[in-house]
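Each of the two complexes below includes subunit A, the first together with subunit B, the second together with subunit C.
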Partner chain A sequence: MLNFLFLNIKLITLGTFNTLSLWLAASLISLLAGSLLGVFRCSQLKFKIIKTILNFTTFILRGIPYYVQLLIAYFVLPDLLGINISATTAAIYSLGLCSASYMSQIVKSGINSIPIGQWEAAKTLGFSTIQTLRHIIFPQFLKNALPAICGELDQLLKSTSIIASIGVLELTKAGMNIISRNMNPIPVYISIALIYLTLSTLLSLTSNFLEKRTTTW
Partner chain B sequence: MVNIKNLSLTLPNLKTEKSIIKNINFYAKAGEIIILAGKSGSGKTTTLRCIAGLENNFNGSISINNQEIKALKSEESSKLTVMVFQGLNLFPHLTALENCIKPLIITNKFKLEEAKTIAINVLKKLDMEEFVNEHPSKLSGGQQQRIAITRALCLNPKVILLDEPTSALDPQNSLKLKLILKKISQTGITIIISSQDMNFLNIIEADRVYFMKNGEITQTFEQSNKEESDKNRNILSFLKPHLFD
Partner chain C sequence: MNKKLKYLFACPFLIITFLTIKTLIKKAKPEKTLTIGMMSGWAPFMTINSEGNYEGFDVDLAQEIGKQLKINIEIKDMGTLSATFIAMEQGKIDCIMSGLDITKARLDKMQMIPYTGETIKSFSMIFWNKIPTNIKTIYDFKTYPNATICVEPGSSIEKFLDQFNFINQKAFSKTEEMILDIKYNKSQAALINTDIAKIWMNKIKELKKIDIILPEEFMVFGMGIALKKDNLQLSSKIQKAINILKQNGTLLKLEQKWNTKESSC
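Entry: the complex of A and B
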């Protein structure tokens, strides 16, 4: 096993680095788009038309499996729109937006879970809606929703393995390439599984640390 | 001066529209203590919510110092009136001091040090300076109540609205609250209280009491006797038959 790792360390390191880069980029899209979608969909804001459009968008994104979305992003959209999209770009956007639809649900329910009295108190004290969201709702939301947000990001990390299907060299694809050379899948898949487990554990520990930091009241 | 004319509010119910308050008229001068008394569901809280700008679909007129509340943004109306809720609604992630200075910084654009000075001065007046760094969850009901009042006072409004202020207080704290409110009213701030707590109504020296039933003011009691000692006896004898009928 150690001998195998030593021989293929370069490819596995590259795959791990690419997996983390893809995850980081998709996480940013997920957090930004998910927060925006979630805030506009929360019950305290009354943008009926925008809400309907966003609800429909998240319905579509959540209703189609991520693998199918990835295939559409890479094979269908370039043809339909007449543009050239690299496999990496298609992977990042499809993964990021798919995760954003779940993230928006976390943000929406997290904001809705804050008692309406907090909004009303802020309003009588002269806060605007954006000021209320920023100074009053968001800090309370973060404490409640942090475990769910970290859970979604953890899920996102593991979902990057599907990107192998469109030929992007991430960790799983690196493993597949090694197997095609040495025809010995057992050490390869065990090593890859251990790397995913390590990354996921690190994310979990970070989540626990952040939860403790935000729970000071 | 608070002026409320023909105030009515109808909210959509499941099938029909429900009239919550009907044709309310009353006034309050600077420095007066006004009580809206009545049983649960009589429309006291809704009336306060309309004055605080939390209900905007009402008919009629609410003006404070000749400014129509309906036309004001929350930032402007908070300079005229602030509500202290029955559930207090302190911000749990902020300390007592932060609860008081945050609105000053956000709404009144004070610098941090200025806001701190104002808040600490008011907290001192209400004997709360030793709790400045505590979060609301670490404070008793009475202490939280005083923080909520401090938070409102820091903004220096013309009118403070208190919704069932004694619902979480023991008699001793109710007495403390009465003294605090008296002090506040002497500075020229109008206080409008909704309450059905007979013990509190027994001790508070109100200038006028409006008795509400089914969304309407059915009786008004005005202090004619200026002797402080007689005020509460008069209020009590007025309210007793209504609250205990």
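Entry: the complex of A and C
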């Protein structure tokens, strides 16, 4: 029954590698853009106009399903902006930005959960806003928000399967191609599911490890 | 901790800068390259083999056309049929080779150069285990409450089903997904190409079928390479290449190699 797995090990490995690469690139965009959006949207910083723009941006990114964002990034934006982007680039940006909107919510709520007294104390001690964020808020925020951040990244990993719809070879797409040749969907889909489960478990273990590390900070 | 933080923030910046530069600098397309849109996962026309490379009848034929026209061939996997059509409209690809059925509706919108396949006068309605006793034709579904039939989105079969408003359609991109849907009684039947039905019925004995005879406007006149209506120059070049490949027997050899009489979309 699992003979196909050994016959197609190279394709499955390639699919898994591509899934992880897409996930990694999208995760970095999600972490960076999400952190920036979250920091600027937190209640302690008073940038009214920027906050309004960023709130609107995250509202749009969260309100449109990822699949639709992917199609817009691949088919609509290149037409509007006159640029030609590859399916992989469109997938990374749309996946990364969609996740960034959720990540920003996590960052925003994480920062807001730290008592206002700490901001005031830092200000009294002569800390700048960036110094306060870096030395006081961020270490505490990371400890509190790490499980939610890892949860979002885990979700992001599974969302990469939608990218198959624009022709990017990733794990799900590899499975579909194996099925089209051997016409035996059940063992293929089960194997693909197990690979996703393994990747997800590894991410959970990493999350647990990081959570333990942050408690020592 | 501080160093770690610096690296943590520096990495995403570098990656994003790299991706942005990569996007903005348009990769110059080498001259004389024909970009062909295909969909992987449609054996025997185009699939990804165990080595991770494209293979199939359309892939081989595309290379033969490239040799005839003395141009490079670039194959793009577009994922779904609808995405492939959009990509052609937007000029991301020059033409589509994906075992596409030639239908009257498609001929109205695009050019189609026939290269393989025969005229199809019926589709197959497949059921799991047994055909309901009261179903003999597609019109019998009128008496079937909430009849749901699986179909491939964007296909000529979907266009055909659109005219029966008493049938609920359920879209699946792959035949195997349709079969699982009818197996677990989530829909009553799936309407697929007759040749695809034959393959699956040989593989899965529980599948039963009735043939749905098509009116002339839905008949399929073989399979063709699709191009934009106004792309007459390329169309004539490809047509000439196909004619040569037919005459010198290359096309027949490829048909025999890949057994293309078995499927289309």
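Just so we're on the same page, the second predicted complex is superposed on the first by the 215 of 217 C-alpha atoms of A that agree within 3 Å, B and C clash if a C-alpha of one lies under 4 Å from a C-alpha of the other, contacts with A are read in each partner's own complex, and residues count from 1 in each chain.
In the analysis below, contacts are C-beta pairs under 8 Å (C-beta built on N, C-alpha and C of every residue); 3 or more make two chains touch, one makes a residue touch a chain.
Bear in mind the structure is a predicted one, so any value in this text is a computation, not a measurement.
> Do subunit B and subunit C fit side by side on subunit A after the overlay, or clash?
Once subunit A is superposed (C-alpha atoms), there is room for both subunit B and subunit C without a clash.
> Once the two complexes are aligned on chain A, which partner has more residues of subunit A within touching range, subunit B or subunit C?
C
> For A:Gly167, is the partner it touches subunit B (first), subunit C (second), both, or none of the two (neither)?
In the superposed model, A:Gly167 contacts subunit C only, not subunit B.
> Now for A:Ile29: first (subunit B), second (subunit C), both, or neither, which partner does it touch?
After superposing on A, A:Ile29 lies in contact with subunit C but is clear of subunit B.
> Given the touch rule stated above, what does A:Met176 touch, subunit B (first), subunit C (second), both, or neither?
Touch status of A:Met176: second partner only.
> Determine, under the contact definition given at the top, whether A:Phe127 touches first (subunit B), second (subunit C), both, or neither.
Only subunit B is touched by A:Phe127; subunit C is not.
> Does subunit B (first) or subunit C (second) touch A:Pro139, or do both, or does neither?
both
> Which value, in Å, gives the least CA distance between subunit B and subunit C in the superposed three-chain arrangement?
13
> Could you tell me which stretches of subunit A are touched by subunit B in one complex and by subunit C in the other?
In subunit A, residues 139, 217 are touched by subunit B and also by subunit C.
> Can you list the subunit A residues touching subunit C in their complex?
Subunit A reaches subunit C through residues 7-11, 14, 25, 28-29, 31-32, 71, 74-75, 78-79, 83-85, 87, 89, 92-93, 134, 138-139, 164-169, 173-174, 176-181, 183, 185, 217.
> Which residues, counting only subunit C, touch subunit A once they are in their complex?
Touch residues, subunit C against subunit A: 1, 5, 9, 11-13, 15-16, 19, 22-24, 26-27, 39-43, 47-52, 76-80, 83, 86-87, 90, 92, 174, 176-177, 179-180, 199-200, 203.
> In the complex of these two chains, what residues of subunit B are touching subunit A?
Touch list, subunit B to subunit A: 52-54, 73-79, 81-83, 85, 87, 89-93, 102-103, 106-108, 135, 137, 151-152, 155.
> Mind listing the subunit A positions that touch subunit B in their complex?
115, 117-118, 120-128, 131, 135-136, 139-140, 143, 216-217
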